[in-house]
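To keep things simple, chains are lettered A, B and C as they appear, and every chain counts its residues starting from 1.
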Amino acid sequence: MNEPAFVIPLWADLVAVGLGGVQGALFASGFRGQRRLDFLGVAIIGIVIGMGGGLIRDLLLGVVPATLQHNGYLLTATGAAIVGMLLAGIFERLTAVIVGLDAIVIGLFGAFGTSKALALGLPLVPAVFVGVFAAVGGSVLRDVLMGLPVAIMHVGSLYAVAAGVGCLVLAVADAFGAPLVAAAIAGVVVTAVIRILAVIFDLSLPEQRMLYRRKVAVETSAITIVRPPEDAA
Amino acid sequence: MNEPAFVIPLWADLVAVGLGGVQGALFASGFRGQRRLDFLGVAIIGIVIGMGGGLIRDLLLGVVPATLQHNGYLLTATGAAIVGMLLAGIFERLTAVIVGLDAIVIGLFGAFGTSKALALGLPLVPAVFVGVFAAVGGSVLRDVLMGLPVAIMHVGSLYAVAAGVGCLVLAVADAFGAPLVAAAIAGVVVTAVIRILAVIFDLSLPEQRMLYRRKVAVETSAITIVRPPEDAA
Amino acid sequence: MNEPAFVIPLWADLVAVGLGGVQGALFASGFRGQRRLDFLGVAIIGIVIGMGGGLIRDLLLGVVPATLQHNGYLLTATGAAIVGMLLAGIFERLTAVIVGLDAIVIGLFGAFGTSKALALGLPLVPAVFVGVFAAVGGSVLRDVLMGLPVAIMHVGSLYAVAAGVGCLVLAVADAFGAPLVAAAIAGVVVTAVIRILAVIFDLSLPEQRMLYRRKVAVETSAITIVRPPEDAA
């Protein structure tokens, strides 16, 4: 365990907020849906990705949100969102930048979440959970606000798993007495590397449906009747 | 009122988390949408249903979430979600099991939410509200994450009403001096029975539109123009 | 800065909750989607709009929600939702009423949010953020619960901007030593006037896409591939 006086350095927190803000605005700028996002919509997504991780972490931990104690967080997130919008106008193909930034951002928010949770005395399992939630929570909010299917729910590229493994590495290293800063750096690197490799090699978890394909093949609509999804209507 | 030192016994809380985890994973395993859920998606729904009620309750009450103070909650929810996935592979028709488990789970989360709120000194009406929110909040999160229409909003089977009546029974019994454990058991039973009867007899609230059908029949699109839903485009 | 003993008078808070409840139920009563809302759904939307702003404010500020400390809030919100349902049955064209009430409600919740944040010692920028979040948060919850596109994200009528300008006026006036009540009234008026003018003159922010239309015209699907929206499938 670590001293309870642990605080994430302001500059590190602001770096995560800024990278998140750029990434969120880049992502939202590339959105083409039936309904158009306006400038404000893009800025909101930037702020949500930049500040969502820290807000969720502090709500779960029951502490007053650090992101609301200092003018710097919101100014950084808003400025970064504007930078993201401008970059989206300059570059043409940004997929690699978006994915790379995203990998670093979820690594940082995961590491900050788990570190702060451990510093506040939470046991290992909930500390990892807080880290994962802080890492991916911003993207859940983004998808809900934009009306997209929630990314971490669907056959994808090991998004939450990457966050979980990184946070677990951090928490286990801390439990074995490693310095928290070193453990946090290891956690960030592990998360970012898994996430980037997953995108490059198009890895994903097997579908859960494989489990009982045999039976369903015989009687196709076994459980569907419970509640049909809207798009099946 | 009760002594402020009231705590829900750990075993009872873990039973609710476990049943919720099984139910959530069973529900999610039966999902057939345009986009497939992977293993992780099913596990997330199990964890959301198992832990959502307690998390929402404690956020509303402004206390540090009990579910994050002990490794047991997340391990139970995760284990239960895995059991739910396996059961979904073994059984073919699970509707009855899903509905029954669900009725018990909303009863338990409602009773725990209202009990804890009363023990913290909240008045009767907000205590019932916290109970209802704890009971149905997990299902709202599930529907948002899975991209389904939010169940409690639509013509259905008295979902939130069942939770509300059970929580009200508990709170009124407590106000009349009944022992909290007895009041809580009564609340759970009332909620579960209403919910199960509602499903069996296909009960639902009348549509609100019935109220002004006469007028709308004359001038069909009176209010629709305020904001047309996406699917009407 | 103001004395930390600042509290929003109960009657003012209940007025905001009541107006919000009426507005929410009116809005929801006019909803025509593929899936019907029942009475309870309409009541839930009324309660969400009436109480959402205060709940979100207090969660962000890390204080126990004021709306759960007194029976009056929920009773007011529920009663107001019922009034809203009845009004929806009596009147035929309610668009003007809905928009006008909405403008006042977001003004009130924004002003209360920013005032309370300043009184708790938050810096100016986060205090404005809390106000904006309190003002528009209820509508975000409403849209998510009803399965509508989230209004503040899309090319619209300066919804969040109206709240932001009003909260900023309040916070700047407070920083220059104006009495908080006067500053709050100014904030409410500014927000409501901007919002109503925006609806009347159909003002909106330019689309963010204008920024890089030139490039996209050449290579149309540049960024779309990142994640196609569901409705494009």
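Keep in mind that, in the parts below, a residue touches a chain if its C-beta (ideal position, glycine included) is under 8 Å from a C-beta of that chain, and two chains touch if they have at least 3 such contacts.
All values derive from a computational prediction rather than experimental measurement.
Both chain A and chain C derive from one sequence, and where they touch, under half of the residue numbers involved are common to the two copies.
When the CA atoms of chain A are superposed on those of chain B, the rotation angle is 120 degrees to the nearest 5. Chain A and chain C, compared by their mean Cα positions, are separated by 26 Å.
Among the residues of chain B, those in touch with two or more other chains are 34-35, 59, 62, 144, 147, 149, 230-231. Within the complex, the chain C residues that touch chain B are 27-42, 44-45, 55, 58-59, 62-65, 67-71, 73-75, 85-86, 88-90, 92-95, 98, 144-149, 151, 230-231, 233. Here chain B touches chain C in the complex through residues 34-35, 59-62, 117, 122-126, 129-130, 140, 144, 147, 149-150, 152-156, 160-161, 204-209, 211-212, 215, 219, 222-232, going by the rule given at the top.
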